[in-house]
Structure formats: structure tokens, C-alpha cells
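One chain, subunit A, appears in both complexes that follow, with subunit B as partner in the first and subunit C in the second.
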Partner chain A sequence: MTEYFDPAKYEGWVCADCNIPLQLSKVDVSYLGNSFPVDLLKCPNCGLVLIPEELALGKMAEVEKALEDK
Partner chain B sequence: MQIPLYEHPFWQSIPEQVMRPGGLTVTEQALACCDIQAGMRVLDVGCGAGATLRHVTAKYGVAGVGVDVSAELVARARQTSPQLSWMRSRSETLSFANESMDVVLSECTLSIFEMDKALSECARVLKRGGYFVVSDLYARNENGVEALRQLPRGTCIGAAISQKQILAKIEQCGLRVEVWQDVSEKLKEFSICTLTTAAQVDPFDLHIAAAKAKLGYYFLVARKN
Partner chain C sequence: MDQKQLREQENRCIQEQAPACTAACPAHVDARGMAAEIAKGDFTAALKLYRKAVPFPGIISRICDQPCKTACSRKDFGGSIEMAALERAALEFGALADEPVKRLPKKSKTVAVIGGGISGLTVAHDLARKGWGVVIFEAGDRLGGGLWKSPPDLLPRDVLVNDLKIIEELEIEVRLNMSVGGSGANGHGTFLGRLSEEFDAIFLGVGPHSSEIPDLQMNDNGQIAIDPLTFQTSNEKVFAGGDVLRVSTLHPNRELKHSAILSISDGRRAAVSIDRYLQKVSLTASRVNEGSYETKLYTNTSQTISQTPLLETDLSTRYNIEVAETEAARCIQCECLECVKVCPYLEHYKGYPKKYIRETYNNLAIVMGTRHSNQFINTCALCGLCAEVCPTDVNMGEVCHEARSTMVDQKRMPPSAHDFALRDMAFSNGEKFALAHSAPGLDSASYVFFPGCQLSGSSPEYVEKSYSFLRETFNNDVGLMLRCCGAPADWAARKDLFAQSQAEFYAEHEKLGKPKVILSCSSCYQMFQKHYPDVEIVSFWDVMNEHGKFTKKEFAAPITIHDPCSTRYESHIHDSIRDIITKMGGEIQELPLSREKTECCSFGGVMWLANRPVAEKMVQRRISESELDYVTYCAMCRDFFARKGKRTLHIFDYIFGEEKSDLAAAPAVGFSQRHENRARLKEKLLRDLWSETMPDSGAFESIRLVLPEDVEKQVEDRLILVEDMQKVIEYAERTGKRMLNNSTKHFLAYFKPNSVTYWVEYTKNDDGSFLVYKAYSHRMEVGIGASK
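Let's turn to the complex of A and B:
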């Protein structure tokens, strides 16, 4: 399990374009000029990244809110 | 055992191994506000592997002394520049006589140590009229400081305070601040994310806290009364 989501929940998910299973990889998350590496599921062929809902609505939303000063 | 952040191998990968935002550019900006003369005694508190002191002594012809809490970094500094003086010491307990230094540099180190004690020691060893040059992180939003305190220990980020608090602490030590310059743009160039990886701090948590506190970077030049 990564810190932000449970990869087991996404087992068997494949890239819609390449039909290849997604793999856990280091991805650079960038927002408003700030970027940092995070382990996310990614297509090893085309690089498509899956951002799990729990991350998008959790810490990622919190960072956006803080950076945008909302 | 976890490696202290300042000894992490990632510092060796950055240009000139200057372990702080802005590197020597900010040091030069600050020193341009001082009247540095050849032969002056310059103390670099938290000298790391010695990159700043090597630069300053070569450029200005001053006599340099570097102190750092890390035995490993002091050894590296000594190996690279044996002609300069290097010593292992914490900022809070400097082994120098009162009023023995013309310039004290403290770059990105105040927030690592016990700030009041470190400031008091730097002021003690400075000659009257001597220059105290500081660069460090600070909270541009005083109300967001609490968010920084929630971060796990391991970086200096959690100890950042506001400009008002920094100025008050420095003036309490008998120093007069002559220049304060915000150089927060240097933080983006520095890539805090690398720091979070090295310090094992959650990057999301760090960015949330840094944004709430409007984390910035400054340099200041103060003189002893």
C-alpha cells in the first residue's frame, strides 16, 4: 500500500489506449510551479497516469486549496 | 539509523554543494551590503562542506573560520581546504572569544538550532560594528506558522517564524538590522520536493503547510551596536 491509496483496489486496471496493466511508478506531480514525486499507477507504454479518487479528493485537493489560498 | 538531513547524499549532487536556496548568489547579494575588507575575520556558522567560506575567503581576501555540527561535513571541508580553519561546533556554543569576528555568516542555519541561543552566541563573538549576515526560511503569513509546526521533525521548515519575530529576536541581542530582502523566488529554484524526499516528509503535507504559512526566503544584514 502506498501512503495515498491501496494499489490492491486497482489490481487488474489496464490502460484504455494500450490495454496494458498499470504499474506503480514514480510520477512528478506539478501544480502552480510546485512539483514533487509521488508513487502512482502509470501505463508503462504511453505514460498515462491514474490519479485515484481518494487522492484527488483528499490530499491533492488540500494542496490545491492551500496553494490557491482559498 | 536515519541520516541527518544535512549529511544526505543529495546535497553532493547540487552545484557547488551550497546547501540552501539561492546559494552563493544570495550570499553575494548580502555581502554587497557590507563593507568587507581584506584581512577581516569571517566566521561561517553552519559551514557545511565549506563551499561558502572557500568562495568568500578567495574573493575578499578575508581570514575564514567555519563551524558545523556535522563531523562528516567538517572533515570534508578540511580535506578540500586545509588552509582554512574548520571546527565542529553547534551554533549555540561557539568556542571563540567575545568580539573576535568582523563578519558572522549564518545561512539557512538559524531555524535548525535553538534560535535564541544561536543568535546570542553570534552576537557575542561579533566585534562592535561587525556584520551579521543571515539567510533563512520565514513565514510570510504569521497565522500559518502553526501548520508548519505540525510537520514531522527532520527539516528546518517546521521551525520557520515570521519577519516580525526574527527582527525582534535579533534586536534583542544588541544587533541593528540594516537590510532585509525577500528572495522567496529562490525557494522555487531550490526544489523543496527534493528536500522532502531527503527528509522523508510527506510532500503533500509539506506543500499544504508551506502554502498556509506562505513560506518564503530572506536575507538580512545586521550590525552590532
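Let's turn to the complex of A and C:
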């Protein structure tokens, strides 16, 4: 889903707990029993994941709606 | 309501019924469609429609007796549409493609058509196009029968001859000078008998001359006896139609009233029977509305303005293009759409109930694939205005509610559709708001006031004041019950959640000694009517009207009343509200749609959650119906109108409000504030009236938020509550699970307190409060195990 947000825009974010920059990696996102591996910014140490606002309100909302009507 | 009743609702919608003109025309010419095409200048499209119903258009357009005109809805508004003149214009200015007549492949069976008049020619035409072999037997020396008796200036002979060319094109064999009737000589059978052996079926369209047809039974009037549905005679392979049906052996000289269009219709209907007879299928199955009939279509002409044709018109009048277009534009274009005209929701989806109900079934039947009507089903406000204005009482609210119920049973209700409203209900029935007490100092109650959750959310001070008024009125013997009536669960068709809420109510009601319930919210009133038949209820407004002491108020101008849609059939409440306003000195100007015809503000059925663009149209329509200040008696109607900038008062603003402040312009109360107001109301009432304290707060409630105005608007719009954001920050601060932006020093954290994950970007202020920059949410789950 990196095409739905710009990872460069989130370069300044670090995991506050681990003090490590977030890195793009494959993360499972799922809804109503459907799962998709997507590239998201994630703390390589503790696994904290960042969902950008434009992804949550854009593609994710769209997929949620589509899956709810399936 | 079950599937059968849904079907029954679908069948009751009359929008697809034929217009009066088409129903009255025995050949069912689509006069409405033709007029629409001509009005926009498309004479060719009109001609196609005409040709479809009438095989001999030139002839009929010149001699038709136009039964459509007696049925036309325009009749009393300047005169019926001059249909035959428009038909002639279609022939003159339209053009059919120069291509051979379409016909099915030739079949082996053959039909004898006796009589070359218009009914026989129609039968021959229709059956030849179906591929059957056809032979016409005509007593005279040319085809056309009685048509040749029409005055030539009315029916020019070239028109007649030209229209009949199609018989030749269809390769129909014509045997002229062949008279039928009488018995065969020299021991031969009758002519009919002999044809029966040679042909597979026979059509008798012998016109007014043959009064003696042997071998066939006659009826009591001396006419050939036929089955009125199939045109079949007493001989199963012989069918009859046209003028022969209208001559009588008992009155051979009685002048025959000839109707060419009726003969066409007879011919068409007989041809259908003969075709079915030859195919050996049922002659009678699915044969409805053949010939002239009265349509069930309702057309509202209350706004129709009288308009006469440009030209005085008879069967010899010729229109030019402009006159024809003007005449066609006079057509009312009959249709019902009474419900669609008053409901922006039904209008939005560009259909009408019959179509919508069909789509709804189809939607519910989908096993694999996308259910495109889910949003349609969840958008309905369930307000019942459609049924109120419908000539046949079709209620889309009942249909959509039933469909929601099926979706819940099928586990196919989109989880997001009603979630927010159901969580609001859970809040109101939780410890922050729910309360049931007899009056201070009493152990039981004769009455209990049930103000509902939304008035408590919008104007908690009015709940306090109205509760005081009730205790004064009923000698203090009024308890108080704060909770939700269950409307969100009913609208979501969540029977389980409704039953749970209902059980909680009954338990508390029992403890109070089963008092009469005084309801100020119209949605609560509706829910109690529907789901609590054994509980005695009273409208607060009826009590107020009877016992209230009203003082004259300052009314700068007349006001108008918006009745909440849930009061639709509670005329006693409508009356009480109007009485109260009048007693306070208000002058009322009614909206065009009020009382039983009132409209929904878009809160009903959770339309506002399911479909914001439609909800917007709904509320805009309502607030633009009058320039005057609106007065209503539902907290949600008031806030929904106020949110869109319409000056609106709750009637409590007059009764209990500060007279000096401009309450009509007061802003709507946001969702977070509604929770806050409910909780504070409970806390205050507990403390002031019963000397009790609220249960302990959750840890998250100590998180103090600072929301800049734009953020406050953003979270309201995104349905994110203060308590959701408090939970995110409390979790992040407690666990350290948060992200930090090194340049802005903002934190970003998330938490999933329910089915939704909330995100908050924030910084901590020196005073310990948290400044919020943005908040957003999603329902998808993230991370390890998300797929489980």
C-alpha cells in the first residue's frame, strides 16, 4: 500500500520506546477474515507500526467498505 | 414482515403501470412515450414506438376513434392530447430504416385467415412474422375490407395501399373472391370444415357481411361465441375477431360501430392464441391487461396548469413540426412517483419502490459477490412519509427495516453501518448515564419521567427543569429514568441489543412499581408504542399543555413548526405543541409538509451515519422550506438543522430558555459534548436530588485534552470522541508505545478500545494537558495475528 502514502514524508518518525527509526517492512493488515501483506513503517525492534492518516482515510477506508459489502 | 409481504409491497407499487392512454387503447400504443419523443423532436423514435403497437400505422392514424382521449389525464386541463394527429406527424416527419421486415424462420404449420379486413390482416401479419405459413381468403377482389368504405379525404387510397404492401413483403398468400359460409354442396362438408382439414388453425375475421358461420356455436345475442380471453370459438382450431364478433344474426341490419383500433387489438390477441395453439402451449397463461382496461397508475394533477392545443384538431388536421412538438409537450407524462417527490433519499437512487424492492431482494440473495444495495438499505430514515403519500401504502421504511433484519440474521450487515450509534446507545445505558430513581423521599413512583438520551445530550438543563415541573404537577410523585429507549438497536435491526436494553428497562420499571412513563422525546415515544405495549405511556407535551403555566414570550415574527417524523401519527402531540406555542403568544405558519406528512431531519434510521450526501440533501430540503425560524420538539432535529445554519429552536427554549439570548442561532452540540452533558446531568441530579455520587471514573478520564477549533471540527466530522482520544493518550503514556517525530517533537500513538483503532498526534503541555494536532481511525486490524 506504499502507493497510497509517501514513506519519505514519514522519515522523521522514530519508535519513541526503542529510539530506532521506523523502517518499511511487510505487515499483515486484515478485515473481516481477509488479510493482506502490505509495506508499512514499522519499528524493527518492538514491531510498532505506523498507519499514516492518508492511508487510513483513503485506501484502507475504501477496502473496508468493499469488504463489508462482499 | 416476511418475504411474502415484501413481495406484496413490491406488487403494490404502481409506478410501472401503464399510463391511462395506453391502458385505454386496445392496442396499447405507448402514447406517453411517443409524446415524449416528439416533444424533443425525435419523430423517428416516436414512429418506432407506434409501429411496434400498430402494424398499419398510416391507416390507423387516419381513422382511429382514439379511446386514449377519453382516458387522457390532460382531458380536463385544456383537452386530451391529440394522439392521432401526433401519430400522423410521426409518420410524416419520422423515417423507418429501409430494411426488410424482421420475421422468424419459416415453420411447417399453416393458418387460414378468412377475411381480408383489418383484424384478419393483423392476424396474418403477426403470424407470418412468427414464421407460420398464412393464407388469406377474401370474399372481395381486394384486401382491406371495410377500410375501403372510409371517405378518401380521411383515408387517402395511396396510404391504404401503401400500408397493405407489408402483406406482400411477408409473402402471405392471398386468395381473392373466396366466399365462405353456407354448407358445402353435393354432400361435401362446409367450407370451414374443409379448411379445417387443410389448415392447422383458422382465424375468422369475416367482417359484417357473414352473419351465418356454420359449425360454430353462437351466444344468446346471436353472435359467434368466443372465449373472451383467447378468442377461441367452440371449435378449438377456429378463432374469431374483429367486426364479426359485433354482428348479430338476431339483428342483421343493426348498424355496426366499427373501431379499427379494436379490430387491430382483436387480431393481435387472436394471433397470440393461434401462435400458442400451434406451439401446443397454454393459451391462457400470463394473459393480463389485454385490450382496453383501466390503469392503476396514479398521476397527481394538482399542479397541472390548463393548456389547449395550438390548433383545433380533427382526424384530417395536419401538424407541422413545431405544432406537433408543442402538442406533444402538452402531455403530462403520467407517472406516480408521489413518494420520490417528497423524499430526497428515494430520489437520490433514481428509481422508485418497485425497482428498489426488487434490488433489495436481489441484494439479500447474493452469496458470493458485492452487495451493491447495502448502503441503500441502511440509508432509509425509516420515517414512513413514503407510505403516507403513497396511493397504495407502499412503505420503504418497512422494506428497508426488514432487509436490515435479514442482513443481521445472515451476518452480512456491514459492521461500520450502525456501530457509532450502537456505541452511543451503550454509553447511554452504561453507568455514566443510566439512572432509575423514584422521586426524592419516595420509594416508588406513580409516574416516571423518561427524557431520553438526546435531550440530555443537547440541553441537560431542560431535563432538570422539566423534571421539576413534573414533580410540581404530580405532587412530587414522579421518578426519573435516564437511559436510551433502544432506537439505535431497532434501526440497526439488532434484536439482541434491543432485547437487552428492554430487559434492563423492565427490571428498573418493575422496581419503581410500574409507573406511567412520561416521554418527551418523539423517538422514545415511537419505540415505546412499538415495543412496550404493556407499559402505560404519556406524552410530556400533553402533560405540559394541560398543566403548564405559560407566560407570553417575545416573538419577533411568526414561526413555523417542524414535527419530528416519529410523531407522524401522534396528532395529539402535534395539537399540544401548537397549543403551547399559541398560549405563549406565538403565531404559527405551517410548513407545506407537516403533521402526518412531516419530513425527517436525516437522523432517523441513522441515515446521517449511513450516507452523508443523502443526509445532506434531506436536511437541506427541509430547512429550505421556509425562511421563518423553525420550532421543533426533538433535540436531534434541532441540532441537525442548527448545524446547517438554519435558525431553529427547541420548544423548551421558549418554555425554559433565557429570553435575552438568541437561542435560535445557538450552535449544535457535538457528539463528545453530548456524552459529557449526559454524564454531568446524572452527576448533578444524583448530588442535588438524591445526595449520591457517581461511580469512579476510568483512568483515561483524567487525561485533559486541548483541541484547537479546526481539530475539534475534524474529530467531530470523523466521529472520534474525546474519550477515544483520551484512551489513546492514556495507553501511550502509560506503556510508552508511541512514535516520536524528531523534528516536530509530536507523538503519534494508537489504541483500539473497540472495533475501531484510533490514532492521535499530540504533544504534552507544561500544565500536564495534551495538545491534539490530529486524530483519525480505521477498522482494519494491523500486525501479527491480524489475519486471525
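As a working rule, the second predicted complex is superposed on the first by the 67 of 70 C-alpha atoms of A that agree within 3 Å, B and C clash if a C-alpha of one lies under 4 Å from a C-alpha of the other, contacts with A are read in each partner's own complex, and residues count from 1 in each chain.
Everything that follows uses one rule, which is that a contact is a pair of C-beta atoms (placed from the backbone, for glycine too) under 8 Å apart; a residue touches a chain by one contact, two chains touch by 3 or more.
Quick caveat, the model's predicted, so the values are computed rather than measured.
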- Query: Is A:3 contacted by the first partner subunit B, the second partner subunit C, both or neither?
  - Reply: first
- Counting residues of subunit A touched by each of subunit B and subunit C, the higher count belongs to C
- Looking at the overlay, what does A:50 touch: subunit B (first), subunit C (second), both, or neither? second
- Task: Classify the contacts of A:16 with the two partner chains as first (subunit B alone), second (subunit C alone), both, or neither.
- Result: second
- Message: Looking at A:35 after the superposition, I want to know if it touches subunit B, subunit C, both of them or none. Which is it: first, second, both, neither?
- Response: both
- Message: Which partner chains sit in contact with A:63 here, subunit B, subunit C, both or neither? Use first/second/both/neither.
- Response: both
- Item | Overlapping contact positions on subunit A, where the subunit C interface meets the subunit B interface | 29, 35, 60, 63, 66, 69
- Interfacial residue positions of subunit A with respect to subunit B in the complex: 3-4, 29, 33-38, 59-60, 62-63, 66-67, 69
- Note on the structure: The subunit A residues in contact with subunit C across the complex are 12-17, 22, 27-32, 35, 40, 43, 46-51, 53, 56-57, 60-61, 63-66, 68-70
- Message: Residue numbers of subunit B touching subunit A in their complex, please.
- Response: 188, 192-193, 196-197, 202-205, 207-209, 211-212
- Note on the structure: Residue positions on subunit C within touch of subunit A in the complex are 369-372, 374-375, 414-417, 736-744, 747-748, 750, 757, 759, 774, 776-784, 786-788
